[in-house]
């Protein structure tokens, strides 16, 4: 299960999305996520779905690979959906003792599930098509102006890129340690929540220790390769906008406008059409 | 305490892009009291196979019998099997977590639900079996040297009193002396405690010296089986699958080609010395060393 | 010319007892003198805890001497202003392949060093291409390091060092975590770099079969250099090596055991060819004597 998490993994493929400037992808992802929460009606969701499908298609990353990323957050997804399903007040469609499902609850649960799924898929497209180094380059350059107010932009970017590189390694390590403790008859499956939390100590302690060891080794390896912060550093892959990047910015802008327009005009149009049809 | 595998197959993440058959139709029997060497290049399925033996991984198809009992049958106690078939992973010192060496070794027996006295008695015995001096018992495991930590980790498995001990490259990263010490200790467990031992190793020299029988894995299948002499005779085939024979075997084959009357199947230095001496027509002067 | 020189090098480290807070000083390196000529293939042997890794870290200014000094191409490692030049001159490869790869793609990792020392973009690409070619990893340049084998990861790490155009590479137990095939891969690469690019190689290891082709071997124990010489000289002393927790290749040990049993074989046999030749000479002493006159380089009874 640990190995299923695709966030932070790069999937090499010769696609236009891969070639886009990371700043464009960052802006695009942020816009996409914000817009998901701004969508007000069905048409908006249809548009978002079409865009998402188009992007996945363009990125040449197999859809199976993308969906695997969802498996990891499946629990959170269900949890949020169930919470919304039962706790949203409104017109009841089902009631049994204190359990009460409302029409609003169903809509809300669906919305949350879709939003979360799209959020993960949207950001997966970015991380799967951009190498962490490229991504952090994008952040570093995009947030460059913040350096003037003493925000350590380069350091933050470096920390993020290293964290992303080590996520899969630590996942694998967790898997290994869990198995080793299970071989000593450790039980992670039974007991109440406190017992289960306690049973994780034999996994977490070795994991922390090994993370510290890795951090130490890595710091030394970086120093040995003359790393001394962002000053005087050159880039192997300096960021430069190409025409495709400008096109992408325009597409993003159109997307924002489209969602806003749909929010404003779709409902009246819908009512109008329904009225015409005599519904 | 025999373990028998019948037509065992294992497929990683089936129905996905990463689907990979890690084990193909494995038929294998491990008899009581055997010392088995499991060899094969990285990715040949050795690690997957040993995790089947204590039930950590469940075969996609096929049957595994422990003492003639089907371990996949619903009434079989799978967690109990992990105590009976002790598995020491590669770099086992990375699993240590307790405040003291002694407490860490108690972890396994504790999980079996034994009394405190019994746990401690077992921990003491296990630490003695791996030859860790008493003065280290109350230390933090992280203060010890690499070789000592590894002993502690092996003791952690021994404290469950397994009937079968499986070790995945127990000497990785140790220096030659540390390596020999650990192997001697394992061999002693086999000789004196009559434990069934399965040793996964990359060192042909080591397996040739210690094990009774070799199982060679390649691409998820059992490629060859037999005594070290029988297996290393086929060094050309072994090389084809990314393995080799001990250097001594190559020496003996060369000598045989050159016309020496030696048995080319000698796999250890002792055997080679006595073969060469007799070929040269010399008496074994240091015969007490040379006797197999 | 000397590329690495150490004189009376001492390194102490302080450990603190958790309970009593008592500080104890341990000496990891004890009065080491070293003189390594440019272009050599040097091996430093020693058991775990003998101080060999600590010594290696002094060659890259990752550790600074407590006493004595280390010079890399006449640059004193204690001189802070030269630390980046020193690290560029003497590159370093570590034991754990996972913990030294920074980039998420092979080529980006190789470019990390040159980026740090401010090499212009075009030249970074050129250096990355050359380095990947030199270690034979060009076809993997777009891969994620996580998907590579141990031997391949170490080759990437070596390429990362080569991209800084060092004159010397220090490899701190680069093969300790690899399988036999990975070990072979790494050794072949290192040897090739030494031969073809003339890079000085300092290989730290406890695998004896890796040092047979070295120009010079140093053996460390308890922070001191206890033996030094050509591989043949070192391997002649089987008992001494064993007492230092080390080992010899099987063929060397076989010859040694036969000699103990009364077969007049020379000391320090390193390869199967040498062994067969030497045994042949034992069988036919007349031929052996004739060969000796011709100056047979293989069998050198000492």
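The first chain written gets the first letter, and so on, giving A, B and C; residue counts start at 1 in each chain.
By definition in this document, a residue touches a chain if its C-beta (ideal position, glycine included) is under 8 Å from a C-beta of that chain, and two chains touch if they have at least 3 such contacts.
Model, not experiment: these values are computed from the prediction.
With A-B and B-C as the two chain pairs, more C-beta contacts join B-C. When you average the Cα atoms of each chain and compare centres, the chain farthest from chain C turns out to be A.
Averaged Cα coordinates give chain A a centre that lies 43 Å from the centre of chain B. Inter-chain centre distance (chain B to chain C, centres taken as mean C-alpha positions): 30 Å.
Those residues of chain B that touch chain A in the shared complex are 16-17, 51, 54, 56, 79, 82-83, 86-89, 92, 94-97, 107-108, 111-112, 142, 156-157, 160. Contact residues of chain C toward chain B in the complex are 47-49, 149-150, 176-177, 179-182, 206, 208, 242, 245-247, 249-251, 253-254, 257-258, 260-263, 272, 275-276, 279-280, 282-283. Across the interface of their complex, chain C is touched by residues 41-42, 145-147, 172-178, 180, 202-203, 205, 242, 244, 246-248, 250-251, 254-255, 258, 260, 269, 272-273, 276-277, 280, 282, 284-286, 289-290 of chain B.
Within the complex formed with chain A, the chain C residues making contact are 57, 60, 62, 84, 87-88, 91-92, 94, 96, 98-105, 107-108, 111-121, 124-125, 128, 142-144, 146, 160-161, 164.
The touching residues of chain A, when paired with chain C in their complex, are 9-10, 12, 131-134, 161-162, 164-165, 168-169, 213-214, 217-218, 220-228, 232-238.
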